[in-house]
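Input: one structure, supplied below.
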Amino acid sequence: MIELEGLTKRFGSKVAVDDLSFTVRPGVVTGFLGPNGAGKSTTMRMMLDLDNPTSGSVRIDGKHYRELQEPLKYIGALLDAKAMHGGRTAYHNLLCLAQANRIPASRVAEVLDTVGLTAVAKKKTKGFSLGMGQRLGIASALLGDPEILMFDEPVNGLDPEGIHWIRNLMKQLAAEGRTIFVSSHLMSEMALTADHLIVIGQGRLLADTSMADFIHQNSRSYVRLRSPQQERLRDVLHQSGLTPVEAGNGTLEIDGATTEQVGELAAEHRIVLHELSSQRASLEEAFMQMTASAVEYHAHSAPGHGPQWAPRDKGA
Amino acid sequence: MIEAIGLTKRYGAKTAVYDLSFQVRPGAVTGFLGPNGSGKSTTMRMVLGLDQPTSGHVTIGGHPFRKLPNAPRQVGALLDAKAVHGGRSARNHLLSLAQLSGIPARRVDEVLGVVGLQDVARRRSKGFSLGMGQRLGIAAALLGDPQVLLFDEPVNGLDPEGILWVRNLMKQLAAEGRTVFVSSHLMSEMALTADHLIVIGRGQLLADMSVKDFIAHNSAGFARVRTPQTEPQQREKLSAVLTEAGGRVMPEPDGALRVTGLALPAISDLAHGADVRLWELSPHQASLEEAYMRMTQAAVDFRSTDDRKAGLMQQPAPGYDPSAAVTASEVPQQGWYAPPPPGRNPYASTPPGGAPTGRDPHPDTPPAAAPAPAAPAPAGPPAPAAAPADPTESSTEDAR
Amino acid sequence: MASVPAVLQSEWTKIRTVASTSWTLVSAFVVTVAVGALLCALLASTFDDLPPTEQATFDPTLFSFSGMALGQLAMVVFGVLVVGTEYSSGMIRTSLAAVPQRATFLFSKIVVAGVLALVVGTATSFLSFFLGQALLGERATSIGEENVLRAVIGGGLYMGLIALFSMGVAAMLRSSMLSLGILMPFFFLVSQILAAVPYAKDVARYFPDQAGSKIMQVLPQTWNGDEVPYGPWGGLGIMLLWVAASLLGGFAVLGKRDA
């Protein structure tokens, strides 16, 4: 469990993180979202006591990070794939960390095996590709078998097999009752991984809610229907006060209904359905909806972001 | 149009790319996929004339890159976001590129606007974030208003808005009739962007076909069926009927059934016949990731294993419940463990795009958003197993 | 608090497993001994050509340490790299996440690297001395003479302290390149030039290297040597103050600044 209370960080007159309070709970994967410059990295660094907060505090299982005896046994973090000494081998980089926290050396070989780096364990890390560096970083996070894990953009540089692996790893660790906190810009990836979301913009908390609720609150959801008896189905739906909309390809869409409701209705009137599914917008759509409505974000948006994302290349 | 014929590249005894032949056609976004070390970057570098093929050749619009008259006006590429002189401002960097190929300075400000860097145009690019560097690289690619564009991992470092922007940009460029060739490791992103796929593994062509065909060829879709929760006997009944009719039925964690081997209308009719009410009947198309994984399984360099934790003599912490790990996996979350159906995909008749619920990787965006003229017939062989795999021997391949 | 022995062991592994640190120590050793030996051999053959005043004030012990002017630069590089590569590689974030107690982290690193530098420095000093004396022939002195042992041990201390001073500077500047850019010219040029300029040398004699090197002098006044207002141990004390100041400064920076 990670608890943030009134966490604030100023760099000169610029407020990077503004009175941020939330709790990351065990047993689920919590996604940490926000546009570039929203303060995600600063927040994560303060969680690890790398940056000093201007005010507020972070508690790891009720303790300040500095009070942790052997922190790697409580919390493991992947912040930056390249946060290792390039002139040292993968094995030795991890061995230094293990020794500092009295973790047996045998565990080093084990985590290297877990992330699939055994074959290059004795190679200096400066020759590593981004993906290999990322795997090494993940290995260092797993080293102390901690109950809390933090990953900043874990899929960066990984190939599809690696992406799939880290996603399942995070889910599995959460299922074991651990606290998993992961930041990413990849909404489609987050949608597959996270159960809970914390969204910040301009250093402030925008949302702290479950994935399903987030999508539900920030976008349209509807029921999609397909039936060989479409005319009768329409009539039945209209009679029950529902308004189906023709969506092409012989499908109907109904806002504000549940599949249960429609299923019962169809059964009652003996109408055959060839599809009855509930449709949700994607996390990306919901996220865009939310950050677009957070007006102050756009007003002060960093250069390169904001409304001009829409492509308008007309060519020369 | 990019055309590679028998492209081969050897570095000493190691063959990075072997006898690769493909075409990248205009008017569509073509995704370029493959595991790390499969030769994607080498191929892209050969397309751009940066590496010389050992044998074979690759042409852009009929000419090898080095023989193209005024190449920057015909080909734009984003290969490495950091391939910029850090001491120069973004605008000067583009200006120097523009001057090299006789592009008017006005165009520089235009592309800076397109990528949203106009406000930092005069700042040195040294202080740029990865995302800003990426935008600058895209600006450089667009500079000459080229007909052929190559992007290597274009969304690297971009935030969600940037990712959406790049995706729409690529689709729009393709819709304008340009040739857009994109490599990426992000399957979920590719599924939303690409119309056509070229997949390589160990330097050899594994597939060259539309995204739709690729998914249909390489993985099984399934149907999710839910019966009223209040009447568990209905679920049993339906399960029995569907199994009898030749379907494969597996329970899902939330009480629904996952059915393979039966088309949706057939399931509906069977349910109807058995007098079972349905609360859900939704088609699920397998994801591009599943299809890709199945195809390239043999061609992966770094395979991760389970964390055994034998090295830690530590007792499980309080709250640690080993059984919790098991409960969640009644049905494999990514269903590619299930064998593919013999022959055709039973859901080939249902439209693509599927019916995702909250966590499906493919929200209802059909893969082909851009009008793709002359939709190419699948040219590649239908997914042969990858080249002989020897993971131990190859795992250092990426260490360059 | 983190377990200090564990952190010491970890820092030892860090030093042991990077080639650059061992190479700098090896070069400190080789350069000092080789240059010292060379100059001793050269001087032995040309001693009679020296003016009589210089012959009279010749300090064979100090002369055998002539290689240290160069060898100390390798010690500077060692000290800077031990601390500086934490920053340049980004390892500092990983290290501090593992050992969040900054004092434990920094001082364990300094103890391990400092002891190593002292051991190598002492070995260098003794070998330089014995080899130098062997080559000086009849001009040589022996370890049993008054103050000679003090000078030889002092030579080792000097080498170790130079490394420690550099570690403190690197911790303050948080950059290998910047630290080397300041320390190398300072020790190689600035300090030695200022020490030869009238008036400036009154200040320069309080510089860490100028003050510290007095410990290696056996005769109070050697050729081109000035009279200084402190003795050999006083000089070493001044150097110790410099080292303490730089280490405390480094610790203050590490504690206050964001990693």
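Going by the order they are written in, the chains are A, B and C; count residues from 1 in each one.
The criterion applied here is as follows: a residue touches a chain if its C-beta (ideal position, glycine included) is under 8 Å from a C-beta of that chain, and two chains touch if they have at least 3 such contacts.
A quick map from chain label to UniProt name: A, B = ABC transporter ATP-binding protein; C = ABC transporter permease.
Predicted model, so just to flag it, every value in this text is computed and none were measured.
Chemist: By raw count of C-beta pairs in contact, what's the busiest chain pair here?
Modeler: A-B
Chemist: Could you name the chain whose CA centroid falls nearest to the centroid of all protein CA atoms?
Modeler: The chain sitting closest to the overall C-alpha centre is A.
Chemist: Report, in whole Å, the distance between the mean C-alpha point of chain A and the mean C-alpha point of chain B.
Modeler: 20
Chemist: Taking the mean of the CA coordinates per chain, how far is chain A from chain C (ABC transporter permease) in Å?
Modeler: Using C-alpha averages as centres, the distance is 51 Å.
Chemist: Approximately how many whole Å separate the CA-defined centres of chain B and chain C (ABC transporter permease)?
Modeler: 57
Chemist: Within their complex, state which residues of chain C (ABC transporter permease) touch chain A.
Modeler: Spelled out, the residues of chain C (ABC transporter permease) in touch with chain A are 1-3, 6-7, 9-11, 13-14, 17-20, 85-86, 89-101, 256, 258-259.
Chemist: Enumerate the contact residues on chain A facing chain B in the complex.
Modeler: 26-27, 33-36, 73, 103-111, 113-117, 119-120, 123, 127-129, 131-132, 135, 142, 144-145, 147, 155-165, 168-169, 171-172, 175-178, 185-189, 191-192, 211-212, 215, 224, 226, 228, 249, 259-260, 263-264, 266-267, 270, 272-282, 284-285, 287-288, 291, 303-306, 308-313, 315-316
Chemist: Please name which positions on chain A make contact with chain C (ABC transporter permease) in the complex.
Modeler: So the residues of chain A in touch with chain C (ABC transporter permease) come to 45, 48-52, 65-66, 68-72, 77, 79-80, 82-89, 92-93, 95-102, 140.
Chemist: Which of the residues in chain B come into contact with chain A in the complex?
Modeler: 33, 35-36, 103-104, 107, 110-111, 113-120, 129, 131-132, 135, 142, 144-145, 155-165, 168-169, 172-173, 176, 185-189, 191-192, 224, 226, 228, 264-265, 268-269, 272, 277-283, 289, 292-293, 296, 300-314, 317, 319-322, 324-325, 327-328, 333-334, 350-351, 355-361, 363-365, 392, 395-396, 398-400
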